[in-house]
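One structure, pasted below without further comment.
Per-chain residue numbering starts at 1, and chain names A, B, C and D are given in the order in which the chains are listed.
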Amino acid sequence: MKKIKTAIIGAAGYTGGELLRLLLHHPACDLVYVHSNSQKGKKVTEVHPDLIGDTELVFTDKVKTEGIEAVFLGLPHGETKGFLENHTFSTDTVIIDLSTDFRDESNGFVYGLPEVNKHKIKSSTKIANPGCFATGIQLALIPAVAKGWVKDTVQISGITGSTGAGKKLADTSHFSYRTGNMSVYKLFTHQHLKEIKQTFGQLFAEFNQEILFVPYRGNFSRGIWITAYFPFEGDLDDARKVYKDFYHDAPFTHVSDQDIDMKQAVNTNKCILHLQKEKGQLVIYSAIDNLLKGASGQAVQNFNIAFGLEETAGLHLKSIAF
Amino acid sequence: MKKIKTAIIGAAGYTGGELLRLLLHHPACDLVYVHSNSQKGKKVTEVHPDLIGDTELVFTDKVKTEGIEAVFLGLPHGETKGFLENHTFSTDTVIIDLSTDFRDESNGFVYGLPEVNKHKIKSSTKIANPGCFATGIQLALIPAVAKGWVKDTVQISGITGSTGAGKKLADTSHFSYRTGNMSVYKLFTHQHLKEIKQTFGQLFAEFNQEILFVPYRGNFSRGIWITAYFPFEGDLDDARKVYKDFYHDAPFTHVSDQDIDMKQAVNTNKCILHLQKEKGQLVIYSAIDNLLKGASGQAVQNFNIAFGLEETAGLHLKSIAF
Amino acid sequence: MKKIKTAIIGAAGYTGGELLRLLLHHPACDLVYVHSNSQKGKKVTEVHPDLIGDTELVFTDKVKTEGIEAVFLGLPHGETKGFLENHTFSTDTVIIDLSTDFRDESNGFVYGLPEVNKHKIKSSTKIANPGCFATGIQLALIPAVAKGWVKDTVQISGITGSTGAGKKLADTSHFSYRTGNMSVYKLFTHQHLKEIKQTFGQLFAEFNQEILFVPYRGNFSRGIWITAYFPFEGDLDDARKVYKDFYHDAPFTHVSDQDIDMKQAVNTNKCILHLQKEKGQLVIYSAIDNLLKGASGQAVQNFNIAFGLEETAGLHLKSIAF
Amino acid sequence: MKKIKTAIIGAAGYTGGELLRLLLHHPACDLVYVHSNSQKGKKVTEVHPDLIGDTELVFTDKVKTEGIEAVFLGLPHGETKGFLENHTFSTDTVIIDLSTDFRDESNGFVYGLPEVNKHKIKSSTKIANPGCFATGIQLALIPAVAKGWVKDTVQISGITGSTGAGKKLADTSHFSYRTGNMSVYKLFTHQHLKEIKQTFGQLFAEFNQEILFVPYRGNFSRGIWITAYFPFEGDLDDARKVYKDFYHDAPFTHVSDQDIDMKQAVNTNKCILHLQKEKGQLVIYSAIDNLLKGASGQAVQNFNIAFGLEETAGLHLKSIAF
């Protein structure tokens, strides 16, 4: 198989590390270089020591554009735009941006949620990879929104692992604080609500319901759990069928008939859903790994789609399970 | 100080152990005997080894009623009624039941939530100690309910530590399952809703709003976190004032002006509250220790009230903090 | 590629689940059936729900031997012998046993530690897969033992995740007990010492040093950490070189020049080692995943070797990293 | 009871917070002021929010010496000496220093390990409070050292909670790194070995054995576990008796006849010990809370002794237990 010449820009952080973990063993990827300003000159295995034995790559702070067929951008939010203005890739180069900068589909970017936009992604060279909470929440609600079922406020509680807040040290990611603890942040105002509403509006033009989302800091490093519900007059079995049909072709998004727990999805690119109906509400649970389906795994899924590869290439990941 | 002759029935479990930890050092308590059918003949320190150095008591399966001035009942739910039929305590004996059996205030029991019923508790000899989730949720909402502010459905997400499920082994309390995990149980149907609605109805006769409560299994051993909200047209500052006024005389229930986290309350008898207003909702966070303010600590608080002691006697507990 | 017809016996437990996770995506494996007495008739995804979307297999309690080219035995310790007496596989069938039963190389079994016995494994059809602690400890010490460096007692502390104790409920794997806790078990008498000493004796005939091994129950679900040391007069750089040379051809066992931590190896088949010299002692740290390099991953590695496949086939696993 | 006028210098960190938690409810303590340069002007409850309802104190950066009868120094290591040169307390003022600066008993300080030095502490006004690992290790070994039993190298593995490393943010206390992880630091060279050897030399003049101590970073916030052993020809029952006799008058140090686990001691001022004999070694386990018996709790114990109070005053702490 001819391999795709690939670069990672900003590869020293958590999502950059996950990209490395995935791409180093991806059957169709030739990782040409990995870029980091902060870690230039260091071996990749110094920064991501779990990769020992997998690579001899060294971080560079040089951005080579020539001959690069795919580039993943793992820059801090707000820096991608400036980066792309200063570095001109070929118009054929597939650019997959993990920041929030182009999730509004500005500058020709497509919103990279394959369950909704697979066809657009396939024919695009600019893909804005969704946010982690945004992915977990959208996959929980999209089939219902598309059917026009959501006619009232949506109530959501979501819990994220500490890796969602990045590698940077912070009081709320100090182990002594976070272990055995719970707390809420950005009540009802999480920045991912913007991309969620954008998608819902594209799926169902008249969608304008309130979404009340309580984001929790979880006492674990990886994973996102979402509980979402809204008043629903329909039948649970029908709802399950609609969800299963909607995700019929989605290789990573699965509707379970049994109760689920978050770790089923951790360290995989899966989104696992379960539906209940109680007290007149349709309740949907959604579990993902925030760094995989919520970031780097979905980015590789988009890479696969954009290059016409098997959508699951390099993404048959073993769950942590326990 | 003349000490109160006290017994614990069913002292081998988690709440029984907490009662022991509290009562052994309580300044007005003379712990006459501790009862357990399963552990009879064993030293208390064999079953609760952290109590080494604190007691030489041995579990008995004999129930002595004579001369007992206070008895704590830590029997499994459903067994208290039968127990009291078979064992007749003096009509002066203060009975504090930690099970669900008399929380409906049947058989002359008073619902032992001091923030609401202090006067009734003071003059009662039969006290039904509230449930853990019930305590956290009620303290989050009572001032608002009493003011008639709750005119629509209340949305609640609550997360509990594993000790809430007791000492018994279960798949969902297996360490390999629960660590780093999240899941939901008893969606919208948790048994504590019954006592919550009873109290709300007593405080505000026409209260009949729906309460949609999502209970989570948390990845920690102790603590309960509650996020509750409902549409509210009033002003946040006014709401905070109402809450502070309502709990002015409550020595353990505090309204914080800053963001809170759950561990602030863990290993104490406190309930720590914080209020926000966002998107037209009044949001109340509530943090307690499920085994203390949610069970054994509140039981001792009720004991203090019933015997006219300082309400905080034996309950100046050091928080775990980290 | 012609695929190898494979069965798993006893596939409902932790190691059985890991085998399923690995073999379902193994490029050379055709999983013909999975056996479990306790779960017969249930879908694999009911018992291992993280496998949703990966398989439609159903557990059977029938043991088919005909046409099976490879069989993994995940039976409880002590039951393998009886099983093999009652079920006769073809003499060509590769049997990989994960129990302790044949680790003494009785009945024609080879001890399946590839770093030592790769050639024997390659030509064998009966492989006794090593224990988890045994793997972590042996890989920490083998190069030193083989060189005759170990002339005095070896001191070892080792910490294991809760999955090492299996799926069965137990007081010491109750979440409320284990979270945030530490304790020691089987002090100096862990059953894996037997296989460790056997290997050491094979590598260096006169080896008869005492091994004082303190096994800890760790507050995590996956992983083993080993710290081993003994008096050593040689030079650290030389020791590192000897270790690197020894493991030169081992695709999963790596000697790091930097400090290591356990999670670098978790959810991979790697063993990551690091050496220090201090106070006249050569100190070796070793990190593995107890369910992978310590059990099912090594079993698949042995399968690969026995069938002449690439040793890493199906084992390019993404570490959990965080 | 006349209360002792007390100050805390450097009260914004972890040990300062613990001192506050203890002293605010101490029956003989009048907390006159709490000092912090970094937090001056802030309410204590802003920095230690779990203390809500317990105090209205505000941090000051003014050091008042007049009329202060007891002062606890929680300054960074190395800063106490300079502080005491710049601020002159009355010669009657009891100074309890939690830093390492005077643990060598320079400048008239007494090493504040009550199990060894109670009489010296009672008549002293300058007390150097022991280190956390130092406390756990010394209490494990002192009776044996005093008896002259330790005639060979002592092997120790010790595991500490993250609070041992303080409030400061660091890579190794990032939640994403530390949760579910294990690692070793300061191999064989931990700074507490110095004070340990000093005490051992005082107890048994000819003590000069090597102590090989492997310190682990534990995956929990509070607690220290120590496993220590050395060759021992005596009898286990005799050893237990010697230990029990030695600690007969120590109100917090207990020798258990059963297996122990670390959480038995967490959130208490206890040190819980257990002895085993195996393979010719006497093995002692020791469990403490690093912030209590390992720091602030022991400081209050020293305060009690120095002022002739009940040694346990203010220290009947409820264990976390789970």
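The working rule: contacts are C-beta pairs under 8 Å (C-beta built on N, C-alpha and C of every residue); 3 or more make two chains touch, one makes a residue touch a chain.
The structure presented is a predicted model; accordingly, all values stated were derived computationally and were not measured.
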Review point. Pick the pair with more C-beta contacts: B-D or A-D?
Key: B-D
Point to revise | Distance-maximising chain from chain C - centres being C-alpha averages | key: B
Check your understanding: If you match contact pairs by residue number, which of A-B, B-D or C-D shares over half of them with A-C?
Key -> B-D
Exercise for review: Quick one: report the Å distance separating chain A from chain B, using the average Cα coordinate of each chain.
Suggested key: 40
**Study point:** Centre-of-Cα separation between chain C and chain B, whole angstrom
**Key:** 46
**Study point:** Averaged-CA centre spacing for the pair chain D and chain B, given as whole angstrom
**Key:** 33
Point to revise | Rounded Å distance, chain A centre to chain D centre (Cα mean) | key: 46
Check your understanding: Which chain C residues touch at least two other chains?
Key -> 14, 161-163, 176-177, 179-180, 220-222, 260-261, 263, 266, 320, 322
Review point. Which of the residues in chain A come into contact with chain D in the complex?
Key: 14, 161-163, 167, 169-171, 173-180, 220-221
**Study point:** chain C to chain D touching residues, read off their complex
**Key:** 155, 157, 159, 176-177, 179-184, 187-189, 210, 212, 214, 216, 218-223, 225, 227, 229, 259-263, 266, 276, 278-279, 281, 283, 285, 287, 320, 322
Study note, to complete from the structure: Per the touch rule above, chain A residues touching chain C in the complex are 14, 17-18, 21-22, 25, 46, 48-53, 161-163, 179-180, 221-222, 251-252, 254, 256, 258, 260-261, 263-268, 270, 272, 291, 316-322
